[in-house]
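Each of the next two complexes has chain A plus one other chain: chain B in the first, chain C in the second.
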Partner chain A sequence: MERVAIIGVGQTKYERQKTEDSFADLVYEATTKAMADAEITIEEIDNVVTISNDFWDGRTISSMAVMDAAGAANKNASTVEGDGTFGALYGLMRILSGSYRTTLVVAHSKSSMGSLPIITNSMFDPIYYRSVGLDGISSAGLQARRYMDKYLVTEEDCALVSIKNHHNAKANPYAQLATELTVEDVMSSRALAEPIKLWDASPISDGAAAIILACENRAKKSAKKPAWVKGVGYCADAYYLGDRDLAEMDALSTAAKKAYSMAGITEPFKEIDVVELYDAFSYQELMWMEGLGFCDRGKAAKLVQEGVTQRQGSLAVNPSGGVLSAHPVLTAGLARLAETALQLRGEAEERQVEGAKTALAHGMNGSCGQGHCVWVLSQ
Partner chain B sequence: MVQQAESYKVLSGRIKLPYQWTVGATGSKFFTELRDHKKIWGTKCPECKKVFVPPRKTCGTCFVDMGEWVELRPTGRLETFTVVHYHEPALHGMEPPFVYGIIKLDGADTGIAHYIGEVKDLESVKSGSRVEAVFREQREGSILDIKYFRLIG
Partner chain C sequence: MGQRVGIVGVGQTHHRSRRKDVNGIELINEAVQRALEETGLTRDDIDAVVIGNMDHFEGINYVDMWSVEGAGAIMKPIMKVTTGGTTGSSVAISAYHHVASGLFDVVLAIGWEKNSESDTTGGIITCSDPIWDRDYYAGAIPSLAVEASAYMKAYGVTEKDAARVSVRDRKNALRNPFAHLRREVTVEEVLSSPMLSYPIKLLDICPRTDGAAAVVFASESVAPKLTRQPAWVNATSVSHSYTYFGDIDYTSISSLEIASKDAYQQAGITDPFRQIDVIELYQPYSFAGLKWIEALGLCEPGEAPQLVWDGVTDLEGELPINPSGGVLSTNCIGATALLRVGEAALQIMGKAGERQVDAKVAVATGFGGCYWSDVMILGKEPR
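Right after this comes the complex of A and B.
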């Protein structure tokens, strides 16, 4: 297979409400930062993938509104409506088609503009589900309870994830919620949808991220150390929540196995140094670690308790602070890829995981992790 | 010279869009039975034999048509639940704190997401609790013809 690498990354700072920037302004900032990082001109970018969602943008064909800001004039440009990791997958495929050398992938999000409950309620089936009023948070409450019941995971276990990630965020200049918390702080925070409390939930965030993917020939000449794509896997589970055992994540396990198989990874816990995963809620970091095969079901909490997943641990998970510390919807998965590329280059500054040679980035789509996309990258 | 804005403007609006959703033949039968007879029906996959409630035409796993209808009792087991503490008037039919659950009806292999009502003590709601459907007096052929499920026994 043709080798493909990430040769440039750019992110805005993620904030509760970025009133200085329109959607297009965010896209322009992330795009130009990624180009500056790769030391590449817009002429050399030969195609563009944008990522947006019409409901979150409050308009139809939201992709068309940001084409100018993405430098897509006179280029082959297309769009993915879903998490940024899936947009990057489309960008990767375009290079693998042999028709393109360099793909810009850019995602933007302004969750602050709409109503999170109403927009996330709209992801559910309008015939059987939507009128009951479930949304992103209450559906996650159902999943968290099921997972914690089945595997005897406690709210304190989940609190440790929140504490770690908000601490990690202090070393990430792009993060939105960086602070030191105690178990007591998390446990006594306002209940949203039990067992989920305020500090178990990711914030409402605005921001954009971009990556530049390049074919092997171009990547070998890149200004920065390329982060090579070793394997990608993706899979989706049943749409209706009631069709799934919400404590399980078969789609993620399948996606991870596909990615590991491509990358030649047989022992992910030993072979992977740094992980950036989509922890929209604290319990999800535990679930996704298990789905990614780092430990048996129900055992991720123990790894967190033992400090294994801290930045200095043997399996650093979300050294950027993760999605708990900034949740620009759709953009968050692309931010995970950008962060892993920086880690592999050794340029993650204060949040650098020492000796990171192999990294995993994870993104998801849909309610309670219906669809997952797993990337393995290496130096 | 263009002056720096003193504050950044945010325009407010409201997106209103009349819309209709075709329920289809399978969902129409389900809603009609719910409205006219307070009966809950599911569809059964001829391959994996799973009973799907709410019903649909196709089994996503076996990728075959499900032609067989199965009537279910209005009782079941609470698979999971959450106590909601925030209020979104556009969505919620109950005042917080209220309970959502996923209910696996007796004889069904999938769950229904719905309200758990008549809860006097939130601590009494447990995963595995037995529940039964409470139907509305005035039914119009929607999932809300089930008012909520309540704990039994």
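Right after this comes the complex of A and C.
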């Protein structure tokens, strides 16, 4: 693979409800921040990929609302509907194809404006599944229960993830929920879908994120230290929840193996310094760590208990506070990529992981992690 | 530089107004199976899938995830690309980049729509800005009617001129076994068909269709092994410039002018009328078959009616447009622009059956969103 790098990143602060900002306002803020970060003008951006979803935006052709705010006028533009990591993947392909030098990838989210149960219910089969009332949270409850039963993981184990990430969020100025929690706080919080409780779940968030990808020649001249893309992989599992063992995540393992083989990584636990993964719920951080091959099945909880995944640990996971601390849907994966780029530059300020040389960013699509996308980046 | 890319297989459903016998996933699978049969490939040979449609028509969120069984994408890379009416061409362009990037060798592009399950105009209206545009934006037909009226006034073009375009495409559809509407019409029938929104009448406009298309893109190392004559991708271009309907200059379609000029430059086309052999134009209504071919640089503004009346764009003419019968005959929206690419590819591959014309260079376009345009140029030779 030819060399491509992230040369600029921008994020809005993530908040429960950004009443003052339209979709276009959010996209404009993230885009201009990313361009300022890269010290690049819109004239030098030669193509644009937006991440837009008609359901979350309540608009048909949702990318129409943000194209001019993304500076896409008279440029080659396209739209990926799915997590931001998938949009970034298309941006990467457009450079690797030799067609473009600099791709702006931007995602926005205003979950505050929609009804989460209705929007997430609409990802399920209209005949067999929707009428039973499945949505994002209740389906995750099924998966959490299955995973915890199969691998003897406890609710307290999951609580430790939530405690760590909300603590980490205190060092991240963009995070929405930054606080100190105890196991007791998490355990006694309101039940959402057994075994998931309020503090096990990510919040409803508004916000936007943007990254600028560049070809090798352009990246070598970039104002900031480039975060080089070393490997990517993505994969989708079966659709019907009943067709999958929800405790397993073959799609994630397949995506990770592909990314590792491209990046030449054989021992992810040893070779990767910092991970930003899509922890929409606390149990997911444990599951995805195992799917990413950082430990054996059912062993992630032990790593969390031992503090290995804390910012000062040997494998820092979600030093930004992760998705648990801010969940702008679709934008969240792009935020993971932006955070890893900052870590590799050594510019993550108070949330910086010392000596971060190789990083992993992860995003997902669909219910219960049906589709996954894995990026490996390095200095 | 990336790999060169060719189209090696095209599959499509027999398009109908209602496919009650299949659900969306089965509809997609029909097109996919045909594309695989055409190329002699199995599901295992496909490295990645790109799929697109318009969400609010079927009401399914994350269609890429929902469709995996029909698309043959279980345990494969799949992503969804969607840009409104241009979805099909955006999917094709994305499939091109998937292969050209070197990450994949064989990629399946899928576009589909089951319009019989949708309130099409109800869905389309919500593309407009809720504050500035939605109060007066009444959907695709009235919006196109504004364009047609402005064009007629500027160049003295008549409803009869547009009717001739409709006559051509509806006649061509008789030769396409997959087309949805297959009935020959006369200029008089078009003119006397029910008025929808002046000057657009029923026979000037495209139908709503249930259907799917699947197109296989392959790298230069693989494509020649899969088919004798791949349709090589010579250029891709996009112009998605407008955001507000109120900003549009209805006297020209600048997005198509910009995108086609860019694509011609990539493909080394300096005299489009002479160098292009066939065009599959995303032509949602008859007047576009006049104004938009002017935007493609085939003739000067206002001269398109003469070209069409002279039969130049007929199947037997010097530059056939829409030998498939085009969008006027089949409009499964998320598949519509991919069908343009697929039909253009069949022409280059020499596999267009009774609708075959003599073609070395073919142009496919996409139209959608806020007067957006996509252009793909295919050729017998790679560039």
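Convention: the second predicted complex is superposed on the first by the 379 of 379 C-alpha atoms of A that agree within 3 Å, B and C clash if a C-alpha of one lies under 4 Å from a C-alpha of the other, contacts with A are read in each partner's own complex, and residues count from 1 in each chain.
As a convention for this text, a contact is a pair of C-beta atoms (placed from the backbone, for glycine too) under 8 Å apart; a residue touches a chain by one contact, two chains touch by 3 or more.
Only a predicted model underlies this, so the values are computations on that prediction, with no experimental measurement involved.
With both structures placed on the common chain, the touch criterion links A:90 to chain C but leaves chain B unconnected. If you count the residues of chain A touched by chain B and by chain C, you find the higher number for C. By the touch criterion defined above, A:122 reaches chain C but does not reach chain B.
By the touch criterion defined above, A:190 lies against chain B but remains apart from chain C after alignment on the C-alpha atoms of chain A. Contacts of A:250 after superposition on the shared chain: chain C is touched, whereas chain B is not.
In the superposition on chain A, A:365 makes contact with chain C only, while chain B stays out of contact range. By the touch criterion defined above, A:99 reaches chain C but does not reach chain B.
Shared-chain residue A:67: touches chain C; no touch with chain B. Contacts of A:154 after superposition on the shared chain: neither chain B nor chain C is touched. Judged by the touch definition given at the top, the superposed model places A:145 against chain B, while chain C stays out of reach.
Note: residues 58, 126-127, 238-239 of chain A belong to the chain B contact set and to the chain C contact set alike, using the contact criterion stated above. Interface of chain C with chain A (complex): residues 1-3, 23, 54-56, 59-69, 73-84, 90, 93-94, 96-98, 100-103, 123-127, 129-130, 236-241, 243, 258, 368-370. For chain A in complex with chain B, the residues that touch the partner chain are 19-20, 58, 113, 115, 117-118, 121, 126-129, 131-135, 137-139, 141-146, 149, 190-196, 238-243, 246. Touching chain C in their complex are the following residues of chain A: 1-2, 24, 53-55, 58-61, 63-69, 72-74, 76-82, 86, 89-90, 92-94, 96-99, 119-120, 122-123, 125-127, 232-239, 250-251, 254-255, 365-367, 370-371.
In the complex of the two chains, the chain B residues touching chain A come out as 7-10, 13, 15, 21, 23, 27, 52-54, 60, 79-86, 88, 90-93, 97, 100-102, 104, 110-115, 127, 142-144.
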